[in-house]
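For reference, chains read A, B, C, D and E in written order, and residue numbers begin at 1 within each chain.
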Amino acid sequence: MMDTASRSIGKELLRASGLVRRFGGLVAVNEVSLNVTDREIVGLIGPNGAGKTSLFNILSGQLGPDSGNVSFAGQDITGASASVCARAGIGRTFQIVKPLVSLTVHENVTVGALLNYPLATAREKAAEIIGRVGMRSLLDRQAGSLTLESRKRLELARALSIEPRMLLLDEILAGLNASEINESIHLIRSFAHQDGLAVIMIEHNLHAVMSLADKVVVLDYGRKIAEGKPEVVVRDPAVVAAYLGSDD
Amino acid sequence: MSAFFNDYYLNIAVMTCLWAALSGAWNLMAGYGGLVSLGQSAFFGIGAYITAIAFTRYGVSPWLGLIAGIFITTGLAVAISWPCFRLRGAFFSLATLVFPIAMEIVANNWSDLTRGPSGIAIPFQPGISTFIFSSRWAYLVAAFALMMTVYAITRWMHRGRLGLYLIAVRDDEATAASMGIETVKVKLIVTMISAALTAVGGFFYAQYILFLDPPSVFSINISVQIALLSIIGGLGTPLGPIVGSLVMTPLDGVLSQFFGGGPRLLIYGAVLLGTVLLAPRGIVGTLKAWCPT
Amino acid sequence: MALDVTDLSAGYGDVTVLRGVTCSVSTNSVAALLGANGAGKTTTLNAISGLQANVSSGTVRLEGIDITRMPAHERVEAGIAHVPQGRQLFAFMSVRENLELGSYAPRARGHEKDALDRVLSIFPRLKERLGQQAGSLSGGEQQMCAIARGLMSRPRYLLLDEPSLGLAPIVVKQVMAVIGQIVAQGIGILLVEQNVALALKQAQYAYVLEHARIAIEGPAAALQNDDRVRKAYLGL
Amino acid sequence: MLDILPQLLVSGLLIGGVYGLLSIGLTLIFGVLRIVNFAQGEFIMLAMFGAFWLNTLWGIDPYASILIVTPVLFGFGLLAERAVIKPILHAPHAMQIFATFGLSVVLQNVALTFWGPDYRSVQTTYSSQSLIVGNVAISVSSLYAFIVAFLMAGALIAFLQFSRDGKALRAMVQNRYAASLMGVNTDRLNRLAFGAGVACAAVAGCILTPMFYTFPTAGVDLIITAFVVVVLGGLGSVAGAMVGGLIIGVTQTLTGFYVSVELKDVIALVLFILILLIRPQGLFGRAGMEEVGTK
Amino acid sequence: QETWRIGALYPLTGGLALLGNENLNGARIAVDMINEKGGIAGKKVELVQGDASTPDKAQSEAERLSSLENLQIITGTYSSGLSYAASQVVERRGGIYWETGGIADGLTKRGFSGYFRLVFTASSNGQLAASLAASAIAPRLGKKPADLNMLIVHEDSDYGTSVATAAETKAKELGFKVAGRLPYKAATTDLAPLVLRMKASNADIVIASSYANDALLIQRQMKQLGINVGAFIGTGGIYGLASFGEGLGSAVNGIFDTEGSAGINPASLSDEARTLLAEFQKRFQASQGKAPSYVGTQGFVGTYILLDKVLRTAGVTDPAKLKEAALALDIPAGGTSLGWGVKFVRPGSEMQGQNERSFPVAQQWQDGKLVVVAPDNLKTGDPVLVPLRTWDKR
């Protein structure tokens, strides 16, 4: 395993500050700030309902923040639409998978690749990406007929298809067994290390977070309660109390 | 002339092509983009009216009128459809149902321009420049060309960039947007293409029937008929509207010949119902399912 | 007293997913059903609860009574609760209404209040969210709601399909503790889990589905040390 | 022209009640089955014929005929559900629209074939009677329609909100699969809901018989407004249908009087579009709900 | 050929089905009667019917009848819009279009050489309504037109609009104070605002052109809202049908109706016309179970003349001969069962093909029946109940 700490980290890519999002009386995201640099892998953890997915939704343009700013690669994308965020280079997966059910796996991914390429090239690129996430045998399957696990891989392939500079991965390991998780860890690492993408991953699988993340951010009730190196954060008593639970 | 080339059969052939073209234009929106519009007769009627008005009132050649019709219809289509793009599913369908109703009232009341309820009878002046022909063959050629144009556009779109984008938007808007698709723009583009083609259909209808009045061209029945043929033929397939029209338009003719009034429509409705129930993916879709190659 | 699946073959349309699966859960115990993605675990649960999957042969017996051909809603009445994969909540109803619907079956009527108190004490988080629309709950909250809803019908046998999916570690621990409590109350649990280590810790007996059949079975403790299991499912 | 305002408001509310009455079944069927029933107008028409014949042959009052026509049409609704609706429950939304449209063509022409195109009417003492309160006249038949509409809506809302089956119905709309896991017999509830929607049409038809002509295409004129009302109120919302009906009724009456009788429909339609722009899900609809189960 | 085959094109389904079928039933009886009398030149007549429910259907059915069935003569169509579309086809194929029902003025302004229209125009009907108000109603109200408020309401189709426009022009000419002309959609479910406008405008006389439900709604809502007028004149359509009387019961009495009439004073008819009318009425009653309306009679008269006078004279279906025979017709007033004569405007004139001897008459509902009240030579009774009784006494 590569030593994550010794890897050189690039320049700042994402700067989000003071993000707030309310749902009725509930403050789902509360004054959250977050910086991510090129090639960095950030683990985003926190109890269920802490606001992790909501934060992703703000960063990727699915939700508008009530206040706060987001700038990405020098561009102000606060409140920008999802398609603008995607064009700016933010690719994401959905926790509750949303494949394009009436298209094949290949077409699903081609749709994203069309952002940068004409059709023929887009199809080739799509096939490549599908191969990379290990779905080559499912190329022509209807996305609606996939198992949950394949749908998750498809989410990943779709997020990659727009050739993003930053990937937002929302629990893509959930539902995989231990061996499959190990494969995926390698894959995610390669995105950052080979392709130079920044990655923010929401994950409840501590093993994966610990082995991948350069930095871990912990949310609880919408607030950031801890941020730092994984080894340090998991020992933070607040994190243990809110999220990990003590071993007994 | 052999019986087959009888004007009546030619007329059915013309109508078959025209309906296939109109339905094909609807199929672009509904079959690919999931925009199940019940307002197509608004575009149809506007297209028909603009050429007819330009020709009968200002003596403008229908060809020029056609161009004006396409632009105006497309513009109006954008203006009235845009708000509806926020609506989903059945809401969209029912909201679009309102367009033709509103248009009919407008046409009825703006009588300085449209001659109101008396409608416009287009004088029979055959010629290429007037797009009025004594021979049904000429109409058939034109209607066939229109149908093939729609088919070609559908083929080009089918699983091409626009087609994929439309299906993406239909299947899941959030997913589509997350891949950089500007969902509203995609819907607008397809609506514009569909409205423009429908306007051409309206133009053709006006020059063929040579009479139009508000209740006939803005009739909801036209919207329904347009949609029906794609549904029966196969929604979201390039051939569907053509197959649907090939089955239903002549069927209606045959039924008229052998059954008068109520029983004809009774059978027509039953055939429609039967097809939807027995071949829910339409004729083309069902055949495809049987023989995948 | 047991739920017995005997020689079950099932699938969807022309596709056969299960070929002669035999397994059984007795009350007061947890049986784990393991296997790779797409092995047919969910299909097995569907066949037991009478949903979607077509059973082509074999039987499902609930305490001796053949329920293989019973419609789904009657099986609930007979005492089977299924917490499906992917939660399947009633997204536009409140958490409270979701839970109330859990006790729709006649067998649960008259016990709604007790049941509600019980599940809320198991999942205090849900207590805070009773009035919220289930669809707007966070992923983990939804999972809790789904399990809680399953318990509301006072089942004899509970089928749990990947209950730890998407849950924070602290909640997973709670859920596993709850499984222990439930079993203690005399309910039999058939647990499908991807987190094999967790499942084997929890279960008394385990089955591993491979190639449409039960490939390995045995007491959970034994499987924990089985080489095939360790390699393929524990990533060791 | 202001002294007539109270009368206009009362007339508007009364016709709004009629619109609500026409819309309840439609919205119920949509609410549960996610199907826009284009044949709803024809069920109303059949009920009107039922009331007409009962009156002509046996002198039964149209209001009393509710007791006969409603169960008959309820049964007919169950049959129609079995034959037409059940097979298309999971079909794409466009298919569903056109299946019910096919049903409407068939029913219309069955009526045309059997009973001919004649306009028939029932004379009752209350057909054109009215109560005078101050200087406002209240049409008795519309008042009955109004009252029945509200009673029916109230009963339905209470049923859906509080009864066991009502909750199960709402749950089923959102997730059929999960509903059957709760022990809900979804087939039975589907049938029940469609039958009940048709029964609402039956009641509406009987109530309207003293007010309108009965003829094979009578349903068409009546139902178009109901579509607008139902979307405005929020598809699937019974309360929305009533409020939508009242809004449309009052708008039409006021604009019909002060602006133009001819344009009263257009103005109502413009209002309709404006409201949808602000609330795409309709007044009482829940955001996102319109998509549930329609795919 | 064994028989004479004649096309009959009417709207038999959809919204216009009622009167389309009524027309066709009249035409059928004409054919039966001709056939029972030995047909024409020894050959029987056969009606080939077409369903023209919309303009495009009308044109396609016209095409079927003229090119597939090879018919030279087509009769129809009841509705003007349908007639426009269908007659285009027939004219182009050089056949004869024999219009018995469509009354839009423009139909005979197209210079078609094979288009013959037996019925009067919409304008003349509207004018009659206004004249009736001046000649029969104003005196009975004891006022001069200048002191009378007239309100014109009409459904917004071609028929309603043209009648209303003509009535309005004529009424102004006659000196009435025209308080307004209010169009509305026939398919509406509520006309309270319209009726309240009647009240607000203090109308003494209302001229109304309606389709069906709307006519019933106007009367019932007038009653509910207690709105009384001095006189109410309907202009054809439902106002002359039994269903209107049935829908209103005794409240119908006193309402006027202008259009053709199935019951003009028999004394004004020729012997032949009188016998035919009686025979027709008997047969219609027997086959349909109700008395024929004007519309049904119109179908009968039109078709009968076509067969008996035009086809019999020409003796062939050659259109040139038929046109000649049609143009040669010179039946004096009273010569047909509707009281009309027949003489077509000759080619070259603006109204080519229009029967200049057809005219509407004014009727009134009295004791649940229609009574012709004007013109004097055709009437069977005098206007009564002017002013109309107030609703509480009707």
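Descriptive notes on the structure:
To be clear about the criterion, a contact is a pair of C-beta atoms (placed from the backbone, for glycine too) under 8 Å apart; a residue touches a chain by one contact, two chains touch by 3 or more.
These numbers were taken from a predicted model, which means no experiment stands behind them.
With steps allowed only between chains in touch, the distance from subunit B over to subunit C comes to 2. Between C-D and D-E, more contacting C-beta pairs join the chains of D-E.
For the pair subunit C and subunit E, the distance between mean C-alpha positions equals 76 Å. Work out the mean CA point of subunit A and of subunit C, and you get 29 Å between them. Separation between the centroids of subunit A and subunit B, computed from CA atoms only, is 44 Å. For the pair subunit B and subunit E, the distance between mean C-alpha positions equals 35 Å. Shared interface positions of subunit E, defined as residues touching 2 or more other chains, are 13, 17, 21, 156, 183, 185. Within subunit D, contacts with two or more other chains are made by residues 109, 112, 224, 262, 265. Taken together, the chains touch in the following pairs: A-B, A-C, B-D, B-E, C-D, D-E. The touching residues of subunit D, counted against subunit C in their complex, run 164, 167-168, 170-171, 174-175, 177-186, 286, 288-289, 292. Residue ranges of subunit D in contact with subunit B, taken from their complex: 30, 34, 36, 84, 87-88, 91-95, 97-99, 101-106, 108-110, 112-113, 224, 227-228, 230-231, 235, 262-263, 265-266, 269-270, 272-273, 276-277, 280-282, 290-291, 294-295.
Across the complex, subunit B meets subunit D through its residues 30, 36, 38, 83-84, 86-91, 93-95, 97-98, 101-102, 105-106, 108-109, 224, 227-228, 231, 235, 261-263, 265-266, 268-270, 272-273, 276-277, 280. By the touch criterion stated above, subunit E contacts subunit D in their complex at residues 13-15, 17-18, 20-21, 153, 156, 182-185, 187-194, 196-197, 199-200, 212-213, 216-217, 219-221, 223-226, 238, 241, 243, 246-247, 249, 251. For subunit A in complex with subunit C, the touching residues are 23, 45-50, 53, 95-96, 147-150, 171, 174-182, 204, 206, 242-245.
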